[in-house]
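Scrolling down, you'll hit the structures one after another.
Next come two complexes built around chain A: one with chain B, the other with chain C.
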Partner chain A sequence: MNSELAARAPTNWVSTEMTSRIAKRYAAERRFRLIGLFAVSLSAAFLAFLLYSMLAKGFAGLSLSFLTNSDATEASEVGIWGAFKGSLLTMIVTLGLAFPIGVLSAVYLEEYAPRNRWTDMIEVSINNLAAVPSIIFGLLGLAVFLNFMNLPRSAPLVGGMTLALMTMPVIVISGRNAIKSVPPSIRDAALGVGASRVQVVFHHVLPLALPGILTGTIIGMARALGETAPLLMIGMRAFIATPPTGITAPSSVLPVQIFLWSDEVDRAFIEKTSAAIIVLLVFLLAMNGLAIYLRNRFEQHW
Partner chain B sequence: MTDNSLKMTARDVSVWYGDKQAINNVSIDIATEHVTAFIGPSGCGKSTFLRTLNRMNDTIASCKVGGKIELDGSDIYDPKMDVVQLRARVGMVFQKPNPFPKSIYENVAYGPRIHGLTKTKAELDALVEKYLTRAGLWNEVKDRLHESGTALSGGQQQRLCIARAIAVSPEVILMDEPCSALDPIATAKIEELIDELRGRYAIVMVTHNMQQAARVSQRTAFFHLGTMVEYGATSEIFQNPRETQTKDYITGRYG
Partner chain C sequence: MLLIFGLGLIAWMAGRGRARTLALAASVRPHSLPTQHGWYVALWTIAPALLFLAVWSQVSNGLIDASVMADPAAQSLSTDLMNRDSILGEARSLADGSLEAAFNPAAEALVKPYATAIRFYGSIGAVAAMLLAFAGAAYSWTRIRPKFRARTRVERVVMGALLGASMIAILTTFGIVASLLYESGRFFSMISPGEFLFGLKWSPQAELVAGQENGFGAIPLFWGTIFIGAIIAMIVAIPLGLMSAIYLTQYAAATTRKWMKPTLEMLAGVPTVVYGYFAALTVAPMVRDFAVILGMENPSSESALAAGLVMGIMIIPFVSSMADDSIAAVPQAMRDGSLAMGATKSETIRRVLIPAALPGIVGGVLLAVSRAIGETMIVVMAAGLAANMTANPFASVTTVTTQIVQLLTGDQEFDSAKTLAAFALGLVLFIVTLLLNIVALRVVKKYREAYE
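Up next is the complex of A and B:
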């Protein structure tokens, strides 16, 4: 073996054999770039098509009265304000419940919980919960919040509580990852000057993990905003012609309103449905914009 | 070493990570106003032992400590021992400079603030100036106290970490290879600083650099494979070691 190696001539890098090998590697790189470009254009094309068809159909439906009115029986009189306000109130309830509970769970699991069979089981359950179909959460909301706790039907309170159940696992998972990515040297430094564990968490770990937690939270919230099925289960599909006055008042939400209008026989509702989708997309865009702003605002560099 | 200069004592200390024993029956006395150096080849347990002295190893779930370590005569592994107070009294400087990603001022002010050492802003300002001065950093940073501590050079960051450690008035300072990430000039500054600080604190430092141990320490302990082979006055250890193992390491035969 050794003598064979020794007998071999040194590699001739300029021989045709070697240069064609190298040329093949460049060709593979070009192919890969083309495939990637194709994949990106495909998804971009779908998005462009969606935006185009919505704008083409719905732009005419967008007017001041559409933005300020609520649901009505006549297509010419309907507006999105009631559903928009309902979505806003629902999101506030969801955020108010899911964010603190989710972040505290993440902190406990990452910083305090011992690693044993119980915490493993909790971890698996939370990961599973994030993948449970949303209709199941709707059924849970119906059974627990409406039938057992007797909370009002069709209300943003119950809608928000149901969606909070759905959003919480997403916040826990992203929160744990964000906390895990805080360098241990920072914890050591704080412990080294005599900080207690709570001080380490609240003075150092959480502020550094905040951008990651906020990103996860807004992704979860954006998903909750577009959710329809669980809200149908808790009665948020009623015809409601006045904007909700509070979180216990009957209300509609944007995706359910879209679902209801898309079902109307009157063809004039097609325009209104598309206009409502535009409003929903703008709402989502605003939330994602906020996420990016907050992330950059709190990002620490070291 | 006289009795009243004795700050910390360790008796028959053993440390396990799970089933693996990292430290085997180490006994040592740490004197105040002295620099004690721990030397030895990589993986010999000197850093592990250092971290038992202020219970930083508590954060590692599998780590178990046997034997007895006392600070001014009280057992630091006693369940009644307040770990927060212990770590305030036994401060630590780490291998890689790890300033908080906050301003230079906040880095030094953090310890005094959480322990409530000052009452007014002016007092805190004075404290920050005092300890940055003592760490030899004040003149370099006095005009940019509110810039991030992570923007400083490596050597400055390490001196900031030392200022942060001494700002809570500890009695003992543990240093885990404080110069291993620094260039020779920054190292020289830190060594000078350690020599100045010696008058006020008991300093225990782990180092890979034997010249450093010889330059700055008064007492040296040589560790090998989890046991302490030899402990004595630095001059004795370097010029006239009792054990052949120590002699082999110091003359560069292994390690």
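Up next is the complex of A and C:
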């Protein structure tokens, strides 16, 4: 063995064969790197193109009357105030249901739940719900809330309840992660000075986990705000020319309004649809920005 | 209801105050803090009253209807049940003010009895709820003593609430499965599952003809869904997502990564209705022009390619973050080993990192497919309604989700086979996405364990 190794001539790094091989490998390296850069820029270019085409078509449609009017048959008179108010009411219902339920379940699963089959079932169903297509929640809303419980059609109440079921798993999952990241020493210290298990959680763990929970909640709410399909299922696609007066009044929401306008044959609606999309995107961007800000501002490393 | 919560607040303060004074007077150390006594009294005040109101609102509906039916004005109503119910419903919404003008003259006469009945039973309910609230408050008030273990009791209620909140998740899952199964069961009593799952023709009719195919064969829909969501979208998303992940994690400078990662994630945050509009308005005409250049005659304006392309863009960040995670999970030693042997960075990535991370990447792709086939708005707006079985990307195909929306947004009554078919499609979609998710998560988990 040793003699064979010793007999091998040392590699001649400067021979033409060797340099061309090295050059080839470096060229492959550069190619690969360029392909990666190309993929990233192409993806970013898609986003830029999407935003640009919406802005180019819709910017002219933005005006004060567009923001304060409601749906109309004439393209020049339409506005988004009605749909916006509907979205707002729907989001209030969603937040009011999904936030407390989500946070309480997260607390239960992370802090108190005994390891048994019930707990496993709860965990499995929460993880599955997070992956169920949104249109299935619409079918659930239609079958249970409308046909079984006879709640009013196309009302923010039903829309909010449907979206709450969809948002809750997101809040539970992010809430559990936030609670998990609170170090056990905090709990031990509180227990050590005589706090009960409920006091430990509500006085110490939850306040520390709150920024993380809020970040997850805002991201979930942003998703719910842009959701269209489940709301179509529960009948939120009617022509509604007045802003809703309450959570049981028929109403439209921003994404559905966009969908309805996109179906109009009148070319003038293109401008209005794009303008509505700009408004929706501004809101989503603001919500996501707030979530990122919260995460950066309050994130603690223990 | 606000009144009850107001009472609850008063009860809380009163209970706290009494606990404090009692503790001072007796000069012993009480078991629980004054606030906990306050919560105890408040719970006793609010909970029974609210429970009663919830039950009462159900019971009183029946009572109101009964008393209105006893009214002379209702005697003249037709005995046809459907008709009577609609008139009653209208009169009722007139009475509580949610409707402003009557369509039916018969309803007008009933408004007055309705209004009186609602007021009568409403006030009974309110008085009874108040009485209950006071009774609960009085009972709990007398039990406050320094030695009384209010904390234990209050915490038991809190634990109950926590458990109840977690049950909602199980209830939702159960509700989805039950409603899908029930409505699909009704559908399959009209159409045989064999015809539905293996039939080749999709053109649902409201009127069923016994003994022949009714156009409920869902194979063209399944094909369209797979064609758009699992083939075209993935051809776009996998290379772009994978290469983006590799570039951003292995090559890009820290500042580039800091800016590009959130930018790519924005692609996932754009609402699907916006993508759908973009696909229908901008991408679809471009695809059609491209088809004309290729020499096709009369290409359809709605094409599988436009929908699949845009859906692929939407999925990019999803694939990219999954690939990112699984590449990061490959042990550093494997990387170092390859680099130490003289391999270049790209050789290390192609020959070592990607093969090692492959199970994780495959799992991520499966999750992305399940996302794509459940996606609704893009295909509704850009893919068309014609149920074609074609592999031509420029033709119009339709998907499961498109047809669910199509079947349920018409004006038919709820019991027809057409509307029920939507639930059967929903059931198939639910099962398939669930299976994909379970398999994907299992693959990813196995792979993680292999390196730990």
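Methods note: the second predicted complex is superposed on the first by the 247 of 302 C-alpha atoms of A that agree within 3 Å, B and C clash if a C-alpha of one lies under 4 Å from a C-alpha of the other, contacts with A are read in each partner's own complex, and residues count from 1 in each chain.
Quick note on the criterion: a contact is a pair of C-beta atoms (placed from the backbone, for glycine too) under 8 Å apart; a residue touches a chain by one contact, two chains touch by 3 or more.
Predicted model only: the values in this text are computed from it and were never measured.
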In the superposed arrangement, does A:Met91 touch chain B (first), chain C (second), both or neither? neither
Kindly classify A:Pro133 by the partners it touches after superposition: chain B alone (first), chain C alone (second), both, or neither? second
A:His204 contacts which: chain B (first), chain C (second), both, neither? first
Does the superposition put A:Pro114 against chain B (first), chain C (second), both, or neither? first
On the A-aligned overlay, A:Met233 touches which partner chain: chain B = first, chain C = second, or both, or neither? second
Touched partner set for A:Ser185, first chain B, second chain C, both or neither: first
I want to verify the contact counts: of chain B and chain C, which reaches more residues of chain A? C
State whether A:Ile247 touches chain B only (first), chain C only (second), both chains, or neither. neither
Check the residue A:Ser196 against both partner chains and state whether it touches chain B (first), chain C (second), both, or neither. both
Do chain B and chain C touch any of the same residues on chain A, and if so, which? 196
So in the complex, which bits of chain C are touching chain A? 98, 151, 154-155, 158-159, 161-163, 165-170, 172-173, 175-176, 179-180, 182-183, 239-240, 242-244, 246-248, 250-252, 260, 262-264, 266-267, 269-278, 280-282, 313, 316, 344-347, 349-350, 367, 370, 373-377, 380-381, 401, 404-405, 408-409, 414, 422-423, 426, 429-430, 433-434, 437, 441
So in the complex, the part of chain A that touches chain B is made up of which residues? 114-115, 183, 185-196, 199, 203-204, 208, 300-302
Under the touch definition given earlier, write down the residues of chain B that touch chain A in their complex. 54, 56, 59, 61, 84-88, 91-94, 96, 98-101, 110-111, 114-115, 148, 150, 161, 164-165, 167-168
Of all residues in chain A, which touch chain C in the complex? 25-26, 28-29, 31-33, 35-40, 42-44, 46-47, 50, 53-54, 57, 100-102, 104-105, 107-109, 112-113, 121-122, 125-129, 131-137, 139-140, 142-144, 147-148, 165, 168-169, 172, 196-198, 202, 222-223, 225-229, 232-233, 237, 248-249, 255-256, 258-259, 262, 270, 273-274, 277, 280-281, 284, 288, 292
